[in-house]
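Take a look at the structures listed below.
The two complexes that follow have chain A in common; it is paired with chain B in the first and with chain C in the second.
Up next, the complex of A and B:
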């Protein structure tokens, strides 16, 4: 934190107005190249299907996290919300194919309700997002244990089956990631998203320009909650059963994906598409560690170091961060 | 400027005694004990209160570091303290293996590792300019990995009898050693913060980094030092905790991160940095511990206590941590 001269500051602003948006895609290219050399059949349909299956939950929470962070907020409870949505959905469905739609709606409703709680506290009471969502993560985590105290339950075969299908030769899991990206292109054009960008960039200026700042802020959390609810479903589809402890690492991973994705933590700058790239990089990195043969007891350490390295790399490529 | 004026006005609207968070916290802890005594007679007995203070000491020691990091400003926060405390407990008990001769080496090795972790946090925050919560959240993941790599997923080792008697042994008036150590630490830390140059530097840096830098304070060094101190005090809390439980668990102190932040906020230290002190955090740790004990007495399960912990923090924030209105 050195004191800079005005001229130096202006120069810096000129040279690095935007974060490097190519960074996540470069990292993704490296990760894919590494994966391809490590695994002969990396590009086979089965392999792509299962690789993307591991992407989907993190991609969804990363997009949710990205929307909140772009709005100048933060959601550390997003993993807990995904976990709560998943256990609510599995409890509602009870392994019955006929209640899949009900389960999907329950997961979405749970996610959005949790997001609304976060949004109302942060926007309504004007509390710090970091501490608020850290606290609500604890609340949601406790509620998750009420709903499903121990791992278990059976996911309807329809969900797990669909997750392994391929449509027009392209695995469903790939379609889902594409669908998330497409959803972003629609969302981007809405007035709400423009308000969220304006609010994240400069809340006072946005307020002066008649942006409904409080409402947009609250809605950014509801939107993130909806994505977390979908992530909860993806977790179920992937694992085939419920686990109340699944959300633990997701908060960190989603923030890391957002940072790698070139989204400024101070808000207003970046695109959730970058976060999708970041999420894929992180997922691939952990599978690379598996295929390199890192012993299982050392894998969490290696994954943690990869995340720190990625954060450092992103921070170094953005010297303007304050 | 407007924020402080508005906060000032809001505070002036309240009755006088509410203006001091430390006093409010102290009254709150006594009130909770009285409620406990009413609900379940014996809750407020001398032995029970001393037992609660012993448990509060672990949280209190971890909150020392959290207070220092939050005081250093710049959105400073340490989300890795819980895991770091657990790691310190695991290292100490593995080195000791229940052998008195290894007590000192176990404690020193654990604290050295903690200092390195804190150093990494500080360097990442200052020189790589990674936002504190992201850096320490990332470090939480790394320390989790370290714990699994070091133990292979199975916690073993036992605290040395010397450590156990230091923590649990009644020195006088039936007060366990760890409570006395905590009192001494509270006095020392308060003196360090209020009466020494590093302490003044910390407040200066927390209040305004640019003016601190211009006044010749070594800002970077102070901030790095704050994170090192945080990890070391977290480690100390973890080591004493394993002296209490005697055997170590893989998640011994993991859940203490959120309460450590809550204790600091209850104590009236501002999240924006530069304002506050440790005495408040210590009383905050007592309040939270009494509350947890009360909930346990009411036969509330672990899940429900987690919920209540989160709700308490939000309610406290609503009193102390409100941001300013955009309209103003």
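Up next, the complex of A and C:
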């Protein structure tokens, strides 16, 4: 009984603690410095453009994941949603430049529909987010294989081309990350986002304080789905073709980015901006490992260690405060 | 303006309300009074839309209403300040003040309008809140009193026509209470109906026009406070004295088993006590004044920050619950569902879990035969009615489940038994049986410390009662002195006296 209370306390401490908000940016600085020493042309425009190209999908799902986690939830299906959105979009577009807009809308709609499914189950039926999204991830994965059984398809040149452009000397991929940050600044000013923060801080108190908790909870998953849909498009732009297996590691990566970004897993604390930083740190770390010569088979292991290290670090930094 | 008619509410087998009623007018401050467990908070939760009554009806402005959620209740013009705070610690002051009523258009916040509204309320509360609290201060960093004020401000910003203040002054200091009362008087001028729930008798007398007294979920009386004396109120709360319950002679022996000196811990502020073998010590007072914390600290489940614990003449260093259990301490927790048992596991497993180490062979492996016979013995000793030892505990009634929890500790042959509200939610018959068990244990020489929210229970069982207020012992009743009326009045009057000291 007491053992259980102790464990409960430890768990609560571990999940409410979070890294200080400057931490992702410090880590990013370190990662950039490391990358720069390992690679000669790291700061060339081409290199920056392609580095940011690998950032964009993870940055998008990390922001989506951050919104759900801030609201006290969890979305393990977010990678599967991104994959499904990407194969739906590539199928709709069929390599035709004239149907790019249609493809974008299809990806967004797919993402939001999947998010709505998650949201309705979690908020409506009040099932655990962990189990729910773990299960829906499988379902979405199945649908993805049904839409596009094998890797292939052609992404319209307009999308891949734009992705490699630079506007006023700054690569489009950099602009895109900045755009995501800007989108957050708009989102932050919505009543919905305020309610998501309140709900993540204390759901019972939020309910008693007239916050429409269930609606906000459902909408947080829809928002995450929208970001996952956009991530699906970014995946297409980056790879040039469709791949039904692409979403596999993204869910864990997005959670890792959120933790590194200083967001409490218990909800209520942190900003998706941190998750953007966390996503970039994670992407860079992965490419650093590649350049140091760590075989790609060990990368999930290294990433898992990074997540545990981030959690441990956050628990430590919090203990010092009290 | 608002009327509650014959409202009844049960939680499982526990009756919280059984035909409570009252009516309050616009421009009136109406007090709700009653001892622990009288159903005051349940009435408030019903009005606030977070609990639905089983029977009876609510009327607002002469129309019957049935708020199904806090939002619906707010739409009726009811604003509730809960006893359990509903501020969000991770949001700042302004965000908390505006929560649920943020001004804006098309889902976007109107930040300037919000800032204006929050600042106006903040200035209103400023004298009580202190200089350092701004709209951007994180609410989790504020003191309990300041958080309470933010909670009140949040509800006031909704401009309720009916305002419920449920123990809203519990964590406020005197000047903060004064400001709140100024606000309440202004609201009364404006025709707002204020329902004021407090256990502080002097506050009820200061601010309320009329008061309704509840006891055991029933309406006792509604009185005009202008011509009612405090001792009359106490008498109404306690009720007529029942026929003296048979009090068993004390089994107290001379040996001091447990001695606690100047114990400090979260929620405990310098408690000393000496407990003898065979003695039953009651912990009384209003609920949540540190009684549970004291028991948890003695058991080693909460960290001790100061003071000493001496057990059988030996001073104990820091210890954890597991060690305390081996030394002969037992804690029967109050929250049966979450702390006391594994409700889906079998009765036998639940019975044996704390004393497993006694029956293990060579450090591992459990003799099923010995486990079974030990469990059977405990079941017989406590007269627990059950189908089979293999049934899950959740199949038992509340009273029998509680007996399983008591029984599992008996298997470890405890010396000191700490009981935290052991008969909460237990029916009368099972209560009597649990009393019998407690008395038997004392007769066998166990030292028993029992916290109870039921004053009658303390009066019946205890050799001595320590009355706690804000984590400290403020009164001690012994032997014949212990009766319900004295218990209630010492708890209430002490709180009034403590206020005066704070203000003076």
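Convention: the second predicted complex is superposed on the first by the 275 of 322 C-alpha atoms of A that agree within 3 Å, B and C clash if a C-alpha of one lies under 4 Å from a C-alpha of the other, contacts with A are read in each partner's own complex, and residues count from 1 in each chain.
The working rule: a contact is a pair of C-beta atoms (placed from the backbone, for glycine too) under 8 Å apart; a residue touches a chain by one contact, two chains touch by 3 or more.
Being a predicted model, the structure only gives us computed values, none of them experimental.
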Touching partner for A:207 - first (chain B), second (chain C), both, neither: both
Partner chain in contact with A:32 - chain B first, chain C second, else both or neither: neither
First, second, both or neither for A:198, with chain B first and chain C second: second
Which of chain B and chain C A:158 touches, first, second, both or neither: neither
Partner chain(s) touched by A:269 [first = chain B, second = chain C, both, neither]: second
Which superposed partner A:189 touches (first chain B, second chain C, both, neither): second
Partner chain in contact with A:127 - chain B first, chain C second, else both or neither: first
When both partners are placed on the shared chain, which of chain B and chain C touches more of chain A: B
Chain A positions touched by chain B in one structure and by chain C in the second: 1-3, 204, 207
Residues of chain A touching chain B in the complex: 1-3, 74, 76, 121, 125-128, 130-132, 134-139, 141-146, 149, 203-204, 207, 213, 249, 251-252, 255-256, 259, 265, 297-305, 307-308, 311-312, 315-316, 319, 321-322
Residue numbers on chain C that touch chain A, as the complex places them: 48, 50, 69-71, 74, 80, 82, 85-91, 95, 99-102, 104, 107-109, 111, 154, 158, 299-301, 320-322, 331, 333, 339-340
Complex contacts: residues of chain B adjacent to chain A: 74-75, 77, 79, 124, 126, 128-131, 133-135, 137-146, 148-149, 152-153, 209-210, 213-214, 219-220, 223, 258, 261-262, 265, 271, 302-311, 313-314, 317-318, 321-327
Sites on chain A touched by chain C in the complex: 1-5, 189-192, 194, 197-198, 200-202, 204-212, 268-269
